[in-house]
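Here come two complexes built around chain A, the first alongside chain B, the second alongside chain C.
For the complex of A and B:
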């Protein structure tokens, strides 16, 4: 950790001389700017160290491991494998099939969940951003699912989505349709398995985004609405021209956060697969594949290759997303 | 964001400079075995024991056994650590061999892996000949590698089909009385269909779907289908040609056809509440089923797919850590643990078939004429893990360090077949993946 300091203290004279010409304060100035730099780096050091220790090192380690045939708890020394793990991931039909399917599943999940969850969170936030009696109670109710661990939520939803006529959803539909709805296998059917995962994930996660957006909404000065009303702006116009610009930054943050979180989908798939009836192929995500490869099959090399590929894809997607969002922001 | 690019580039360079040496260090940390070996020791002093924390009754039985042992003599003191069931195997996997206890429990199919990575030592030199002779053949088969024994269990396990006599009789279905007249797969399917026709929701079978098939239950519960169809999960370290035979594929096709008649059993009570007439599950459901159905409960063998009915076997076992400095004391503790008192207490607590001859003969559940005699009959005809013939019944899951891959791939194939995939291609895929893994690991040969 100490190594941060000398690096931070390295004077960067060339750049400074390109800066604005020193004023009357004279020679005292460069050391002072230097000190600011040092303090800045010192303050960011905890975050930086964390980033390096928990993202940088593991990633580099994963890259190294992915070039080896490494097994958990094997007495055989790891052997150098070259790009074999990557070759298998992309060309071996038995391995690349599930892997590419997992990637596609992840993308589907993100593409559906990000707009859906952000939109729903916004709707809920607006709904709950008013002066009602017991508003705190309503807010807590909508936030409640976030408090439950995903594993628990998945177990509960297993009862809701059960394929028998006794499943909560099936029996509700049966009642509503006056007995015309038969038992449907929500988790076991390839078409609805992912949709089920999406619904339960959104249900569990939306409260979190809602709270952030709610905070954003409350930052908007009420004078703006008052002025808008004086201008006879309709409710929709108020939303379009006051609310949305007011929470734009928050909305962007929420969308980014949701997309990053949506790539991490794992718990619900893992719990529901182990719990029975889930169509594994239709819902296998990259995280699920990496974890089961590493810890159920002890194949660390393969799992590392999976995570490296996935890391790169997520980084690229995030960069693209940020660029798009930023250019939109600076209009 | 508005910081100069020069600054961020420098930061990146600093970060890289910091990361690289650390990474190199970390990379060196991998691999490298520990040269530990078991020693006889003095036979006195303190030994450490690890066990899995299962049901409360099991934990109590074990704690009592340790307490009695500690107070019965002054030479050896046992320190017991209970580790939660779900983390138990991972704990041993990730603990260095030198830090493992003198005596430890492990789940049967994980044993070979621990022998392979030198975490267990053979117990033949430490436990007494009497203890070894008293162990059932089935449990000995599970603990044996290359003629040496690495584990012995207090109890075993078995699979069967529980039937609801009242529902069977009402539908006019005749059922087998023992192993000799076990249902063929076709007869079983016919019985399931006939029962379903009488059932309000058309579901007459429970296959413990609530446990999930892409899990150890998938392998333990339905590998007997493969064995009974003349196939195997693995033969001479190879799955291709034994797992993906046409006979096995057609057996799984039959298994697939049962889904229509299977209650998803989300609440785990399908059979006990009388929603279904047949339940394909292990001995462990007997206490619940016996209580719910009383005299209406019948215990039947799994159906015969051509090569005789088969069942799985094997359960938690005890072994000695490879790094123990006190093998003699560890052996003495195992002798005490496997005596009649402790085995009786444990099997009364969890209802499992006792794994010692003397207790099995006296067990009220499993003895001649007992309600679960069928399980004892099955275990009395063990096949080991490779010599699967038409006449033996209880098959041990493959005793190989590659078992984690075997079970992962087979259960995955099973789950996808149940979901509607083509059995032939699912099995071929699993066989190829298993063989690939074995060739990557030089066949998991134990040195």
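For the complex of A and C:
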């Protein structure tokens, strides 16, 4: 084998798949491509089979099921339903009530969590982006909740937010208010139920975003800060003109990642509604609605329609994300 | 950054206060697990316990030692088994796919890679219901809890991003020496890709260990029930014994904490590395 590969055609090795085909090197070239084709396919096959079987096919199936009236465990055969499931979802008062409420709850959750969690993560990242002793310990402490399974987080916060006067939060407020604060049912009250879910979700997730932003901060060359200080830029000006532009792409990425993740919220709501006295109506999310429809009501067709709507929302969010991040990186 | 002693003191104070508030729920969990159950809910004054004991742990070990309630070692074993299989299997399957799709050149490779990227758009939640319907007769098996999560489009993407940045000359040298694609991959590329393997492994492990939605749908039999689901079942029982629930919670998170304690640096860097590229 004399020439192994026309490496010069793709100097960095990146974007090879999108690049122009390698230059023809004459008929004497050994059939390297064919050999690679076999091995490339073989190497990709296990993952491809898995992805098609457990993501591709079920996804198409969800779309199909959403046009049928399918009940789990029902002796009746599925009947074609057209867009009836979708029509019901949006217009049948019995179904659209909870569903639209779930959509609204998801929206509320995202609208609060995205700026709150991103802002908090940025503040922590800046605070932790210093050369201090034990800074690694602090980073680990703020990252710690990320490793906690949501099912456990929900239980711990259920106790902290317990409605009795012996709940940690109620008791602390009682002390701070010099006895004027009585017991309050944080999870059970429709007004504070979603706020409680938001607090525990941000607590669990903020470390993740913080670490990503910290990595972004550390990629800003320190010369930029030195130059800014030479120009007598204040700390705020440094933040405004060096830090923010430097992590703009990362920040946008984090915000949009958080928005997609926030639409997938499920575990904490499910655990607390089923076992923790959480106000169901104020906190049901689209995924919660899909699971209870499929699982408790055995209504697969309806649940599939909810799933499809859920997917469309996530796709729109993801596409916006890609577009914004891409344009952000080109600056 | 220039920092005066005063500034440093201020930094430490702010960080310590924030960290304390932040870690409070974890302290609450750990302290509570050693408290008598009637003192778990005892407000601010009872936060620092007067009496610590291992009674809750003993009680949990006793309670989960019968066929009626299930065996703790079994819940733990199921979670450990599933996590190990999904992490190790996922590393092999997804890294191979990423290599085959980015470093070997064949016709159709670009299209297949695009397909993988498209599948990355589909969150698991969006296929949970049809999967539940399709595999309804496979409920309560270990296989159905692991196999769907082996192939992961996001993992393939993470590996692909890393592999693409490897200079081609390194692999070419191996190829000139006569190594085939498999040997090149396993003997040259894998050993030099430890960071991406670590970060994919960590993220996969965290996701799998905490997995909840799928077990809720597919598992009712305690024999194959993973820990987080059992946690939720346990805390939903009446009357709740809070000391025991918290002790169970500590046992649930302990394996992750141990891994975390040993590999903190990897954990934090791994998570950052897997996301910064976007």
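Throughout what follows, the second predicted complex is superposed on the first by the 256 of 331 C-alpha atoms of A that agree within 3 Å, B and C clash if a C-alpha of one lies under 4 Å from a C-alpha of the other, contacts with A are read in each partner's own complex, and residues count from 1 in each chain.
Rule of thumb we're sticking to: contacts are C-beta pairs under 8 Å (C-beta built on N, C-alpha and C of every residue); 3 or more make two chains touch, one makes a residue touch a chain.
Keep in mind that this is a model prediction, so the values were computed, not measured.
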Partner chain(s) touched by A:280 [first = chain B, second = chain C, both, neither]: first
Touched partner set for A:292, first chain B, second chain C, both or neither: first
First (chain B), second (chain C), both or neither touched by A:94: first
Chain B versus chain C as contact partner of A:70, first or second or both or neither: both
Chain A residues touched - chain C or chain B, whichever exceeds: C
Which superposed partner A:163 touches (first chain B, second chain C, both, neither): first
Contacts of A:107 with chain B and chain C, given as first, second, both or neither: neither
Touched partner set for A:138, first chain B, second chain C, both or neither: second
First (chain B), second (chain C), both or neither touched by A:116: neither
Which of chain B and chain C A:61 touches, first, second, both or neither: both
Chain A residues contacted in one complex by chain B, in the other by chain C: 4, 7, 12, 15, 48, 51, 56-57, 61, 65, 70, 72, 158-159, 162, 164-167, 274-276, 295
Complex contact set, residues of chain A against chain B: 3-4, 7-8, 12, 15, 48, 51-52, 56-57, 60-61, 64-65, 69-78, 94-95, 158-159, 162-167, 183, 188, 190, 273-281, 292, 295-299, 326
Residue numbers on chain B that touch chain A, as the complex places them: 1, 4, 6-7, 10-11, 14-15, 17-20, 22-23, 26-27, 30-31, 33, 90, 93-94, 113, 116-119, 201, 203, 209-215, 263-264, 266-267, 401, 404-405, 408, 412, 415-416, 419, 421, 429, 432-433, 436-437, 440-442, 447
Touch list for chain A against partner chain C, complex: 1, 4-5, 7, 10, 12-18, 22, 33, 35-37, 39-44, 46-51, 54-59, 61-62, 65, 70, 72, 124, 127-128, 130-132, 136, 138-160, 162, 164-168, 170-172, 174-175, 203, 208, 211-212, 214-216, 219, 225, 249-250, 253, 257, 260, 264, 266-267, 270-271, 274-276, 287, 290-291, 294-295, 300, 303-304, 306-308, 310-311, 314-315, 318, 325, 329
Residue numbers on chain C that touch chain A, as the complex places them: 1, 3, 8, 11-12, 14-15, 18-19, 22-23, 25-26, 28-29, 32, 40-47, 93-94, 96-97, 99-102, 104-107, 109-110, 112-113, 116, 119, 121-123, 125-134, 136, 147-153, 156, 164-169, 172, 175-176, 180-182, 185, 206, 209-210, 212-213, 216-217, 227-229, 231-232, 235-236, 242, 245-246, 249, 252-253, 256-257, 260, 264-265, 267-269, 271-273, 275-276, 278
